[in-house]
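There are two complexes below, and they share subunit A, which is joined by subunit B in the first and by subunit C in the second.
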Partner chain A sequence: MGGERIAIVGAGCTGLRLRTPEASFRELVFQAAQKAYADAGVRPQEVSAFVSVAENYNEGAAIADEYVPDQLGAVLKPVHAVAGDGITGLASLVMQLETGQLDIGVIEGHSKASNVLHPAHILALALDPIYTRPLRFHPHYVAGMEMRAFLAATGNTQEQAALAAAQNRKNALANPLAAYGASLTVEQVLASPPEAEPLKLGDIAPPADGAVVLVLARESMLGTLKGKPVFINGIGWSQDTPNIEDRELHRAAYAEQAAQMAYRMAGISDAASQIDLAEVDDTFSYKELQHLEALGLAPPGQAGNLLEAGVFSPQGRLPVNVSGGHLGCGYAHEMSSLRSVLEVVLQLRGEAGARQLPGARVGLAQSWRGIPTASGAVVVLGRE
Partner chain B sequence: MLRPEQKQDLPVLRQVQGEIPISHRYTLGVAGERFFKAMRDQRQLLASPCPKCRDLLLPPKAYCPRCFVATAEAWSPLTGPGFVRGFTVVHRDLDELPLAAPEIVALIGWPEVRGGLVHRLQEVEPQQVALGMAVEPVWATQRTGCLADILHFRPAANH
Partner chain C sequence: MEQKIRGGTSLTDHALTAGEALLTHWQVKSDYRWDAGAALSRFLEGLKHGQILGIHCPQCRRTLVPPRVFCERCFRPLEQWVPLYDTGKLITYSVSYVNWDATRRRTPEIPAVIELDGASPGIGILHLLGEAGGSLSEITARLGAGTPVQAVWKPAAEREGAITDIRYFRPVGG
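This part shows the complex of A and B:
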């Protein structure tokens, strides 16, 4: 990147859980913010830029970002709401700090998925109101069609997608922040009820509640902060057409584009050999395989084979979703990908506990905005 | 201060419930108006041609999103059957309840167009559906100019 570098200097997370009936979303964010500020060694008064990512319908409120300031210590401060996934919001914060006008920035993401009583109805509101929504299908049909197209075009198999689900659920057992750790076999995933064939229930990341707050700073501020810095070496984002009919169903073109943008910035020419670990969107099991190929972390058609060969396991050459991913941690709306970033930060700092990978220096986190979108973002993080 | 036993006697006050009544109008636009009128009046599917890349766009648009130019005035009716570009079999409804009979959803393309239509596929068993399969629309008798003017698609006769 040109100019001064930007680092993540603090991270806080509530942990993800199936339900949080005792705490409001604001209290969850407050908890995460307290941890993040303590981690960075900052007071909210010292923060000059705040970013929030949330979707109104999931919040059950109009202009929901207006509810952001109090629980972050951001009252009468510049708050920027980003209608996008967590890493897209992170990109916005990075750009604000890169102006040189602001020193320390904070991003928050949260999920109170357990309070969304009719999630499929809300997701259906994202479908085109004239050409697709009138069919009144459960919106998971988009994932089912994509999955079939992806498997058919690349030669990856349904069993390999199920293995991604089983592996991530297993990885989550070593992550105290994860809500859905489990010992599952491929056969058990394949035997789960069909949702939108070939997609099964076991291929779908189940919902979770929680909050993540990250503190960022310009490099020149690092001397005054106690947090161990992890540098944002590259970041990119991309958005495909909203029309399902107009896309190549099998391909995650948005992830290819976002990765190219982030790699260019980070000076990455061969991602598969230069990245030490990756947290890749696995909202649906096949998405992990599709995204790995789009990110250049697996050659076309080879993600499933490399997964079977153990390349992406915690002991493998390129550990993927060692946190458990969304399948193992839980899908937490826009917060999901900030949780992915958090995992890379912990790994690069050497603070990932039982799941710590040895010697990780460069990590990648990738987001997808979910059904029915074809947009997402990529961030490359480094110890230096 | 409440003693612990008094606390337990309190009713649970963990949440309130709310509803969001949302009704909205969605303007079809110049292109949508012409598309749905042709469905209603001629039982025809129209595609709009881009003067630059020469692609035929379905659903038709007033502009080509790739070339960023207005599409040409002379729209072409699709002739011949479509084909299955993608499909799935859905098992639950929007309330997450199991469907009495699973339904086939297909993305249908035509050889000459960029794009396609998402619709239900019927008169065929899920196991018999394959990518590339030729399909045709089944038109409603009473048509009002909307997506439901096509009841569903089915395997094309003579294919």
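This part shows the complex of A and C:
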């Protein structure tokens, strides 16, 4: 990157669960923030920039970010709201620190998905009100159409997508933060009820509640902090057209663009050989395969075959979603991809417990903003 | 507005009601079951029993209401619950003459911030004032910063653990 390097120096997470009736979203974020600040060895008074990622309709409150400062210790501090996924928010915080005007920054993401009683209706509000919404399909059809186009164009199969779901649910069994660990077979995923064919219920990451807080600092601050740094070596983001019918539905062009931007910054020329582990968006099972190809972690059309060959398993050459991904941990709105970043941070620090991968030095986390968007971000993280 | 701009045709009410213009409706189904959390749940439970609960921060020595499980200034967990009085004094108020549909109210509503006795200076709860007069001149003559007020509660059987378990605050004395 251009100026001084930026590192993640603290991380805190409540863990993800189906429901969290004992705590308000404020109380969840406070728990995660306490952990992150203790981890970094920083007091919130020393933090100069805060970023919050939240969508108003998921919160049930307009200007949801205005409800954020108290539980972060950010009262009367600069708080920047990013209406985007977690890694897009992270990019914003990196840029703020890159200015050199701010030393330590914090980003929060949280989910109270369990409080949203009609999530499909909220999702439908993202569709164009004049020419898309009046057709009144359940919004998952967008994923169903994408999945069909992707499988047809690349030769990946429905069984291979189901294997991604089964593997991630299984990986989640070794992650105490995950909500949906399970021993599932490919057959069980394929036998789950059809949602928007070829997409089945088992292909969809189920919702979860939780909160993640990350603390970032400029490299020159590291001497004063106790947190073990993980460097942000590259970050990128991209947004495709909102017109569903005009996009190349088989491709994740946004992920290709975001990856190229991040790789350029990080000096990555051959992602598949230079990256040791990846947390890739798997909000829907086929998305993991599509994203792996877009990120250059699998050759075109080969993601499913490599998955079957065990390349992306925790014991494989390039472990993918060793945390369990969103399918295994739970889909937690904008917080989801901050949880992906958290996993890479834990792995690079050697603090991932039972699922620790040996010798990981460079990791990638990738986000997708979800239906009906074609936007997302990529971050490359390194131990040095 | 019946003005033509650059040759366009402006929409009339008739065009909309007669179906000459496309009018698309969408019923938003945005229902939430918010988890109130540890602090507000206990606060609301207190209201059901006719009690207003605050919480004390031993570091900045403020007693806060509505209560929260952390002090937003000191960033530390709080656990020292304090029962407050249902009396206090006005910090500020407004006299509201508009309904939700922008029609005018004959009798105004008076939203107010009240510093409860037992809470720290400047720590107020937002509520309504009642029994404070019908006209603007009566109200402004009666109320000012520092005017003592007291809660008027719903009967115990009607309380449900909500901020509306207090009907309103009324000025006392003076």
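Note that in this section the second predicted complex is superposed on the first by the 384 of 384 C-alpha atoms of A that agree within 3 Å, B and C clash if a C-alpha of one lies under 4 Å from a C-alpha of the other, contacts with A are read in each partner's own complex, and residues count from 1 in each chain.
Here is the rule we go by: a residue touches a chain if its C-beta (ideal position, glycine included) is under 8 Å from a C-beta of that chain, and two chains touch if they have at least 3 such contacts.
Model, not experiment: these values are computed from the prediction.
Asker: Taking subunit A as the common reference, can subunit B and subunit C both be placed on it without clashing, or not? Answer clash or fit.
Answerer: Aligned on subunit A, subunit B and subunit C fit with no clash.
Asker: According to the stated criteria, A:P194 is in contact with first (subunit B), second (subunit C), both, or neither; which is it?
Answerer: A:P194 contacts subunit B only, not subunit C.
Asker: After the fit on chain A, how big is the angle at subunit A between subunit B and subunit C, using C-alpha centres and going to the nearest 10 degrees?
Answerer: After superposition on chain A, the angle is 80 degrees.
Asker: Kindly classify A:E334 by the partners it touches after superposition: subunit B alone (first), subunit C alone (second), both, or neither?
Answerer: neither
Asker: Have a look at where A:E288 lands relative to subunit B and subunit C in the superposition and call it first, second, both or neither.
Answerer: After superposing on A, A:E288 lies clear of both subunit B and subunit C.
Asker: Is A:T132 touching the first partner subunit B, the second partner subunit C, both, or neither of them?
Answerer: first
Asker: With the two complexes superposed on chain A, say which partner A:D203 touches: subunit B (first), subunit C (second), both, or neither.
Answerer: neither
Asker: Between subunit B and subunit C, whom does A:V75 touch in the aligned arrangement: first, second, both, or neither?
Answerer: The second partner, subunit C, only.
Asker: First (subunit B), second (subunit C), both or neither: which does A:D103 touch?
Answerer: In the superposed model, A:D103 contacts neither subunit B nor subunit C.
Asker: Applying the document's definition of touch, where does A:P44 land relative to subunit B and subunit C: first, second, both, or neither?
Answerer: After superposing on A, A:P44 lies in contact with subunit C but is clear of subunit B.
Asker: With the two structures laid over each other on chain A, which partner does A:D65 touch: subunit B (first), subunit C (second), both, or neither?
Answerer: In the superposed model, A:D65 contacts neither subunit B nor subunit C.
Asker: Using only C-alpha atoms, work out how near subunit B sits to subunit C after the chain A superposition, in angstrom.
Answerer: 5
Asker: Enumerate the residues of subunit A that count as touching subunit B in its complex and touching subunit C in the other.
Answerer: The answer is residues 21-22, 57, 60, 115, 117-118, 121, 125, 129-130, 134 of subunit A.
Asker: Quick one: which bits of subunit C touch subunit A in the complex? Just the residue numbers, please.
Answerer: Residues 22, 24, 26, 28-40, 68-70, 72-73, 75, 77 of subunit C touch subunit A in their complex.
Asker: Of all residues in subunit A, which touch subunit B in the complex?
Answerer: 21-22, 57, 60, 115, 117-118, 120-121, 124-125, 129-132, 134-138, 140-141, 144-149, 152, 193-199, 241, 243-246, 249
Asker: Mind listing the subunit B positions that touch subunit A in their complex?
Answerer: Residues of subunit B touching subunit A: 14-15, 17-18, 20, 22, 24, 26, 28, 32, 58-59, 65, 85-96, 102-103, 105, 107, 109, 114-120, 126, 131, 146-148.
Asker: Give every residue of subunit A touching subunit C within the complex, in rising order.
Answerer: 20-27, 30, 33-34, 37, 43-45, 57, 60, 69-71, 73, 75, 112, 114-118, 121-122, 125, 129-130, 133-134
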